[in-house]
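Naming follows writing order (A, B, C and D), and every chain is counted from residue 1.
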Amino acid sequence: MSGNSFGLLYCVTSFGESHGPAYGGVVDGCPPGLALATTDIQRELDRRKPGTSRHVTQRRESDTIELLSGVYEGRTTGTAIGFLIRNEDARSKDYSAIAEKFRPGHADYTYLQKYGMRDARGGGRASARETVVRVAAGAIARKWLGERYGVRIHGCLAQLGRTPIPFQSWDAVDQNAFFAPNAGMVATLEKQMDALREAGDSCGARVNVVAKGVPVGWGEPVYGRLDADIAAAMMGINAVKGVEIGVGFGAIVQQGSEHGDEMSPQGFLSNNNGGVLGGISTGQDITVSIALKPTSSIRLPRRTIDRHGRATTIETTGRHDPCVGIRATPIAEAMLACVLMDHALRHRAQCADVTPPLAFPPGAQGSKR
Amino acid sequence: MSGNSFGLLYCVTSFGESHGPAYGGVVDGCPPGLALATTDIQRELDRRKPGTSRHVTQRRESDTIELLSGVYEGRTTGTAIGFLIRNEDARSKDYSAIAEKFRPGHADYTYLQKYGMRDARGGGRASARETVVRVAAGAIARKWLGERYGVRIHGCLAQLGRTPIPFQSWDAVDQNAFFAPNAGMVATLEKQMDALREAGDSCGARVNVVAKGVPVGWGEPVYGRLDADIAAAMMGINAVKGVEIGVGFGAIVQQGSEHGDEMSPQGFLSNNNGGVLGGISTGQDITVSIALKPTSSIRLPRRTIDRHGRATTIETTGRHDPCVGIRATPIAEAMLACVLMDHALRHRAQCADVTPPLAFPPGAQGSKR
Amino acid sequence: MSGNSFGLLYCVTSFGESHGPAYGGVVDGCPPGLALATTDIQRELDRRKPGTSRHVTQRRESDTIELLSGVYEGRTTGTAIGFLIRNEDARSKDYSAIAEKFRPGHADYTYLQKYGMRDARGGGRASARETVVRVAAGAIARKWLGERYGVRIHGCLAQLGRTPIPFQSWDAVDQNAFFAPNAGMVATLEKQMDALREAGDSCGARVNVVAKGVPVGWGEPVYGRLDADIAAAMMGINAVKGVEIGVGFGAIVQQGSEHGDEMSPQGFLSNNNGGVLGGISTGQDITVSIALKPTSSIRLPRRTIDRHGRATTIETTGRHDPCVGIRATPIAEAMLACVLMDHALRHRAQCADVTPPLAFPPGAQGSKR
Amino acid sequence: MSGNSFGLLYCVTSFGESHGPAYGGVVDGCPPGLALATTDIQRELDRRKPGTSRHVTQRRESDTIELLSGVYEGRTTGTAIGFLIRNEDARSKDYSAIAEKFRPGHADYTYLQKYGMRDARGGGRASARETVVRVAAGAIARKWLGERYGVRIHGCLAQLGRTPIPFQSWDAVDQNAFFAPNAGMVATLEKQMDALREAGDSCGARVNVVAKGVPVGWGEPVYGRLDADIAAAMMGINAVKGVEIGVGFGAIVQQGSEHGDEMSPQGFLSNNNGGVLGGISTGQDITVSIALKPTSSIRLPRRTIDRHGRATTIETTGRHDPCVGIRATPIAEAMLACVLMDHALRHRAQCADVTPPLAFPPGAQGSKR
């Protein structure tokens, strides 16, 4: 399996470049019989779509998905689900001026050195627009996880640059352009983004994702751990530089008497471990937090070199998200959904005959078997 | 590929339990012709070995490796390298009292619920003693990476609980029982550990790992990214709860004008990205930082339940590391070595015919091609 | 990796159904820099295309390929190559009468029982039309293998029903509608097919494939053998029931003194082994022979059951190849190309630093290193 | 996954050389709770063991297996099962005379050219003694398949050189040293082998394997087909040159009206397809036939070259099976068991929620769901 596929049993393969004719993907391994309409996927794509507010890239893409296979009379057949999303607003001329230079923080340099050539138009394969495929694959996973196991996945923007966003409710998330879980913060965030845009700069962000209702037992020791696969999926999102499960880096300063989640007949008494112990889900919420670096494409001039190695400067004037973290929320949710679905299938392959011996009362942390 | 193997081309398979007869592993995909003696591996195993100071578990294991295949007349043959490490000091009676209870923070509960049964002796397969296999596999990778590409991998303890350990030199690391890169800190760390041990508690830690001399171009977009695979490898180490590449979570509060690493004809001017851009190595140092949770096995009493779901308490009196992070340094180095070797092989499979067009002066950040 | 992908490093993923909107595929792992035009692929697709003579299905498909990614300015970029082939002449009404019955020899029954449902239109995913994706992927592999290593792949129809076709020349193959390597046989074959068609019956066939110029050393012991992967690739072609390498089943009646290919300073003296020893290519021609069963869709009435398990009969009147083996030649060539390319990449991943110690004179059997 | 592992979910990894200290393996993915004793495996190993009659190699190996992990209190735990089989009667001196020459029909030449070096002792990694690992892995698969699904796997010698062995009963197979399903043929076979041994020559063989009781629905279209994976597993056995499913090459001369297996409310009316349609099991017997080439190590002198490319001759006087096909029966059974178990797990991963709509009466061909 080469680098454009992921997942062992729920296997997603992706292709496409930012300024090529289309993105597309293949989802393999989906169980048969899932009711699946184009709208189920389109809904998630629309959440990720560019141009929805002035705070994200103004590239105009409808991101309309065409389902090409694997669904018959409204249900998945168990065969490969192929889909296509045409690029509609690729302006290659935007990039002509910078094809000769390496944009700091971008993959321009590494692609050229690895492959000896590169498609410089809009970042080519390295463009974050590729995440459209992940969101589509995640939408299918999410639907199946929800219907089959009652799993629900939520994500939100937890911090924008230096501004933490106190969590208020998941309901708030889809009510604003920032995926902020707190309506009261929106004005502040807008002001912050306007200032950044005016300055021609960009900022980083933190996104949190939670999966609720995951049964105990998903994930394989020792190398196929659920947390390890989540870490890979998250670090594999463009611009992500850090991943935490549960308390994450906060665990460094905890003592064992504080960190280790105690148990009672009513379930777990805390969730420092973020719903994973020994690489296996505990039945508690799976909590993940990721760090996204500031957008590398900024208007401010930066020192760089051209493809002949000569010193120069660069200003990036294309249409970019001043904070890539804003649109990362649906992407991180999708990646979590894909990993969970892969492990749901892997778990039942090996352990379909096992009934977990213990049960907690409904509603308790860890109650899900 | 099930959960006890990792790596696509440099593929490591592991087996063994804490109180079974032995651990062992198979390293598949190693190029032929590498000079390899048992001592090359034993040296790394000795660094990880328990019982080397009063600050780690007092279990007495020589961790002697027996090479069973894949090496002939002192050189690797290109076939699978099998090896065995017998358990010598397994005291199953230590665990008899706790076989019926779930230790908070441990995988006892999740293993039982996933598999319907568990080997409770010393944590069974979930024991951190499994990392002996990783260190052995990493020792081989490290040797090949060093001889073939000049790659050097260093790790150190960067923080012990609330005590940061300022970096002084890599040379200091192997001069003390903590893998601390700073001799002047050792007395402080010893005092801290003595207090913890006396209190019957444990603490978390941060470990940093760096790979120097990695050529530009390793890693595959989009899902087989070098950073994604590093994240999985690190999060897959027992007790790890967070992974950062480069500035990691620090990227949240940076602006694009600060974060994006500028370039000059002499190379990169900074390394916020930690040596990876677009999932591909830049030729700079690859910098990784991980958070380890405090040891879950502590003497202090904790609330839990027994296997029938009844409330009880537990005190863990076996031989444990009061801070698992201390011995994590050679393990993290080993995992980084394995991932890099896998990607070295993957890269040359696809790009053997590519000469990277650009070169920086020797010694510059990013000079390696 | 689920069932719609194959290949470890040259990885082909396929989707599409016979009467859905399109077939498509993703080729991942192709080295960068290969000159690749749509015509390079179209040429091979045209060889497989239906409707080229009265002896194959009269379905009218142009099989026009649209390249969607992975190629920039006429060269592969090293990223995933996505492509699409629209279905143009799907007549679902042809199948309405048989949607309720299981066609003997077809996958109708097994798909329904496996998935609990099926897309009955034209066989859905089980249609041999899926091989269009394999031929496209094989065309790319073939081009690379030819340019990089001088590998040439030939295939031909070796037997049609009871009629063996004596080999005359590879040049003859593309001069007739049967891929027969013997122009003098064409009239006989036409007569035979006309009779079959008139009778409403079908026949089996043998197809031979040869790869010339494969260097010594491709293939991995013990389970990733070149011959094992070829066997899987061939048996995975619709209707194939047998695979031979070298003398194949003829080896049963040979003695060791006859079978074992002797060697001389001028190279191998025979090729009973078909160019593979110990799972590794010898540098000789790789010779493969496959058996294809007669087309299952025939006009003659056959006993079967309907989806409620009741006895009935069926006559298949759609547009079908009276001998699927005829169009199998380009498919078998394509599969061999894909396997060889995968192993070329795998070999250089592990053994890029090895120079084979021995050389035979140019032109000798086994001369290629 | 490199070349010493096979299976996606029931994953077998193998190591060891003919004259190294030991063979060993790791079986990953076995469901928990299977009762498994060393004797369950030893029984199968004893069937494959050398030295059981004068007609096979006289090397004296007890092939005693040591289980190292994955089993606790007599049951599998769901973690990796590691095992070891020490070599006891390796006589490296036997091979000293031939280390410098390439034995015709052996992998000596290809290993040297691929890896630049080789372990010449007894064929090193290429020795058929490696199959001991497969038989051990197969024994576990077989037990699970039998207990969980009622699958029974039988194999027998169907032809020895030019002598076909008419099938009489499976019971006869383990009553003679040839795995012949016909007691009346044993004297003939013994005479034939004595003559061969005296002549210093060897012969080929055909082995048939059947799996009974496989439920309908195992196997994945399009590339993960059950028949394709069986073909790879069989062709990957040392000395195998051909694989057939069902009527195999006999399908070439059948017409569709004869080949396509008709159905009735009582089940399938024939089994030309060998229990697989569209890559998916039909519920009928899965029938496989393989061709094994004559042993390459013979006493008769043969022309070859030495490692410097100079002409020479070779006579192989070590302890060898005059017909490797004889001991291939338990190996082929084991490989079939491993493939079936892998697909059993893969099938229930994706289709655990599907109930096959149709059922045939018990005992009918295809009755198993």
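General observations
To be clear about the criterion, a contact is a pair of C-beta atoms (placed from the backbone, for glycine too) under 8 Å apart; a residue touches a chain by one contact, two chains touch by 3 or more.
Please read these numbers as outputs of a predicted model, since none were measured by experiment.
The pair from B-C, B-D or C-D that reproduces the interface of A-D, where over half of the contact pairs by residue number are the same, turns out to be B-C. The chain pair A-B and the chain pair A-C differ in C-beta contact count, and the higher one is A-B. Look at where the CA atoms of chain A average out and do the same for chain C: the two points lie 38 Å apart. Here the CA centre of chain B is 45 Å from the CA centre of chain C. Separating the CA-averaged centres of chain A and chain B is a span of 26 Å. For chain D, the set of residues touching two or more other chains reads 1-5, 8-9, 14, 29, 32-33, 78-79, 114-116, 125, 221, 346, 350-351, 354. Only residues 8-9, 29-33, 78-79, 148, 221, 345-346, 348-354 of chain A touch chain D when the two sit together in their complex.
Contacts from chain C toward chain D in the complex involve residues 1-6, 8, 12, 14, 102-107, 109-116, 125-126, 130, 159, 161-162, 196, 201-206, 216-225, 227-236, 238, 241-265, 269, 272-274, 277-283, 291-298, 300, 302-305, 307, 309-311, 346-347, 350-351, 354-360, 369. By the touch criterion given at the top, residues 1-5, 8-11, 13-17, 20-24, 26, 28-29, 32-33, 66, 68-70, 72, 75, 77-82, 84, 114-119, 124-125 of chain C touch chain A in their complex.
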